[in-house]
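Below are two complexes that have chain A in common, paired first with chain B and then with chain C.
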Partner chain A sequence: MSAAVATLPSTPGVTWPRTLASEWGKTWGLRSTRWAVAATVVLNAAMCVLTAFDSLVGPEGYGYSLAYLAAGYLLFTQVPLLVHGVLAGAGEFSAGGAPSTFAVAPRRLGVLTAKAVTTAGVAAVTGVVTLVTSSLVLLASPFGAALRLGGDEQSVRILLGAVASLVLITVLALAVGALLRRPLVGIAVMVALGLSELALLGADGLAQWLPGHALVVLTSLNDFVALATAGSPVGTWGGLAVLGAWALVALVLAGARLRRTDV
Partner chain B sequence: MIEVADLTKRYGSTTAVDGLTFTVRPGAVTGFLGPNGAGKSTTMRMIVGLARPTSGSARVNGHAYADLRAPLQEVGVMLDGRTVHPGRTAWGHLMGLARTHGIGRARVQQVIELAGLTSVARRRVGGFSLGMTQRLGIAAALLGDPPTVVLDEPVNGLDPDGVLWIRGLLRSLADDGRTVFLSSHLMSELAAVANRVVVIGRGVLLADDDIDALVTRSARDGVVRVRSAEPERLGRALAAAGATVRPVDGDLLEVTGTDAGTVGALAAELGVPVLELGTVAGTLEEAYLDLTADAVEYGGTGARAAAGDRS
Partner chain C sequence: MSDGVAGPGAVALPARPGVTATRVLRAEWVKTWTASATAWCVAATVLLHAAVALVSGYNAAAPAAGGLSGLLSLGLVVSQLPLALLGVVVSAGEHHDGSARSTYLAVPRRLPVLVGRAATVTAVAALAGGLAVAAAWASLLPFADRVGVTLEAPDGDLVRVVAGTVLHLLAVSLLGLALGAIVRRPAAAGVVALVWLLLLDQLLTMLGSEVALAIRAAMPGWAGRRVATPDEGLADLVRAGLPADPWQGYGILVAWTVAALLVAAPVVRRSDV
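This part shows the complex of A and B:
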């Protein structure tokens, strides 16, 4: 076999960019990733189809903000993305593959950060495609011509906030998966963390410190944001910092487990 | 070259690997042998950095595994068990490994052909037979054309064609001057391919020797079998001459502590007709059973007793 080995790289070795390229290729090579992205896009678009027949759209109800109508269901429709995040973190441990991955790239924290960046990328792509698709669905609806396309401060906040929240909560899901190494437990934890916001909306004091809060506040209309953030130290954009802190702590814990224990 | 020094791994109160020291040299196939549960996989996982030793160290090509800059191009690894995500294709799995080292598609294609996986490269690994999974593991181990390969039970699940293929492959790797280290719990399999063998039982080193040298250490080696017309009289005379005699069945004796020439001469002296006379050559299987007699973790007593009857 040594006679005709195909060219090996002139600068051998594992580097972080190479690890990232590997993880990016690996995640898109899995059917579960493609399903999760498709499910998020389709679920959200389906909700927008229902919205197209909703008599509450308009000046008397939800208003005519395209950004709000497109992003308003993400709290529910993000669930496939959360599942993807957990699987990206836990899948190699539960289904197999972790020994190969970590034997080839022994710097384990480099692998974890590459996975985190990969997952963030998947979430960003999913968020943008979801919002674009759902907007097109809404524009084709009976009231499509009346929708305000945005450019105002509220629309920018909703669109940027939605994508940023999805990215961070998916990274949190990855870290929870990598920490627990059990997909089902991880999914249960993430659905609870992501949606507990609903049950706690009344209890402002606690709700604002939960990871699901950022998405709810950032994708709401100005009036609701004013109501939800009144007297809150977290504020409108502060929810992203809270969510980011959750993700960071979970990543640090996952990294500590990865470094200390056997694979 | 793999150097293992005083390597120990404890899980709570269980000691899986206990102070192992051995060296695996280039240019030879070294077998790693022991009963199930002896600590072979744990040792291999410590060599490639997946499990952390409680104490001691393992070095590959002179470095701790974690310090290798390009592990794929230093040590090819194939571990036992679920090492591949079942949702990936063979191609996807190998590309995922290759990309970490900047290794290109041409080399991935090459190892797929080498391992005979061309027709299933785009199929998901979850549907692979054990033999195909083993071939994929070997393809992965060869990706970086490494000077050292570590293979955990590579023959497991291969069909006879596959077994012949891997024997030839391992020999050619060793002939290239590479270090080849493979584990097995099947002595006969190792006997067909290995030059050296490291034997462990219950995590402890039992032997580290050339295969030939190990065979001569078999308790059976050098036993004289003699079939005669008057086994009782011959037996008494042999015992009187200081040999140990064990009647086997009917007119057959097994004699230790002497050689065939002495037995023949004595029989002639006594005028006992000898019907059959020979010396038993030890086998690796027997040497292995002798070594591990006390070190079987999950032993069925019946099987062990049956094997023991022969020796």
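This part shows the complex of A and C:
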């Protein structure tokens, strides 16, 4: 028995690594986190299965690219991660855990940064597992033999870009949740921001300044990227900077509200 | 009263005691209209609807398909969402903040509460829908000289499309109400509503296979919007071999809504709060 008993640490006090450890533990202990990760992985793999058995188009319609096929549906299948991010930011305010959390860590900003790192970690793990699982599913499909995953620039851009966009937009969702403190409102806002791409793609110059744009551009085939970034000051990888700026501004606003107002 | 117990302006108890359907309706009516979520959702509906009409009319390089009818109904894809979420909040919100217990203590039969909320949400959606169409029209007026803006509906479908827009919003908000009553958790029910009404439509469109389009035609969001689709758009659907009857489409949405309300009724009546 004694081996399983957690002892008090030898030095007392609230340190950032300890805050991070408790946020990490809280997050993975929640059912909603595990559901969000599982839903993202399963949904994306299911979309890949549906695509791989689409005999009308064939692999040439997808540029024979394994990376593109595996990441091409993330615009939709990122939604569980967006919901997770909002819940990570707003859940404690709505469920009543926030007063305990901030009684334990009164400096508050440490909690927000620890939550941000935790959420980024969850998103990174989810992104990698999703892409690996979907790639394996695709390789086992009728398309499998025709698909290529070279170390070419396009595949690297799609895979790295997909994971980086997912991480940043999930952190944005966390910040929006922490700023608004209401799960339903936060989810509505993040779905609108994440998927505004559907309504605006190619419509005008506005889309490139929205947070959902990076994922779409980075996970597209070279031809489409050339089309979408023609005459754009943001460019291919610049979308990540735009998205990162959104996340940073939202985090700063959430931090200001957290420091100054009651919980 | 003369003994000074109740001062001027005090509300006296009604002459006859008891919980009646009208009293429950009045209570739900006041609760919903005084919640800030209602004002926000109505404002979001009106703004989104008008913004889509204005932006698409202003930027288009050719006259809008379906003329004015097309412009006035285009925003429905997004403007339906705040009202669906309002339905969710009206029915699930009290379970979240704990006031559902007081409500059902006051109305132990419970079902009148659901009926009262449905009536209230219908009224809110009718107001929001009317305002949304009016705001879209008003926002187009100053830009009548743009190529993409037309203020005429040559096909004579304007009345059906405008009425259809409002009717679609009514049904969608009731669907949200039913989802909220079934799931009881605002965030979870809201995610279901967003996925069902928006994401699934877009996802199935993107897949584009025959099966995907057949499923899409049976989903409440896409089917219901046919009643608010101008004749020109319906003709496109016919050419693509898709179901195009506007009122049949609305019937599908109403069927989903009625089914969801029928599932919600026993949940409201029987589950603990």
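One rule holds in what follows: the second predicted complex is superposed on the first by the 250 of 263 C-alpha atoms of A that agree within 3 Å, B and C clash if a C-alpha of one lies under 4 Å from a C-alpha of the other, contacts with A are read in each partner's own complex, and residues count from 1 in each chain.
Simple rule for what comes next: contacts are C-beta pairs under 8 Å (C-beta built on N, C-alpha and C of every residue); 3 or more make two chains touch, one makes a residue touch a chain.
What you see is a predicted model; the values in this text were computed from it and never measured.
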Clash or fit, chain B versus chain C on superposed chain A: fit
Contacts of A:V79 with chain B and chain C, given as first, second, both or neither: second
First, second, both or neither for A:V5, with chain B first and chain C second: first
Partner chain in contact with A:I187 - chain B first, chain C second, else both or neither: second
Chain B versus chain C as contact partner of A:D54, first or second or both or neither: second
Partner chain(s) touched by A:R31 [first = chain B, second = chain C, both, neither]: first
Touching partner for A:V263 - first (chain B), second (chain C), both, neither: first
Which superposed partner A:A103 touches (first chain B, second chain C, both, neither): first
Superposed model, chain A: greater residue contact from chain B or chain C: B
Minimum Cα separation, chain C to chain B, after superposition on A (Å): 11
Set intersection of chain A contacts, chain C complex versus chain B complex: none
Partner chain B, residues of chain A touching it in the complex: 1-2, 4-9, 11-15, 18-19, 21-23, 25-26, 29-32, 91-92, 95-97, 99-107, 262-263
Contacting residues of chain B [partner chain A, same complex]: 45, 48-52, 65-66, 68-73, 77, 79, 81-89, 92-93, 95-97, 99-104, 106-107, 109-110, 114, 140, 142, 144-145, 169, 172-173, 176
Residues of chain C defined as touching chain A within the complex: 52, 55, 59, 77-78, 81-82, 85, 88-89, 96, 186-187, 190-191, 194-195, 198-199, 202-203, 206-207, 209, 212
Interface residues, chain A side, partner chain C - complex: 47, 50-51, 54, 56, 73, 76, 79, 83, 87, 94, 183-184, 187-188, 191-192, 195, 198-199, 203-204
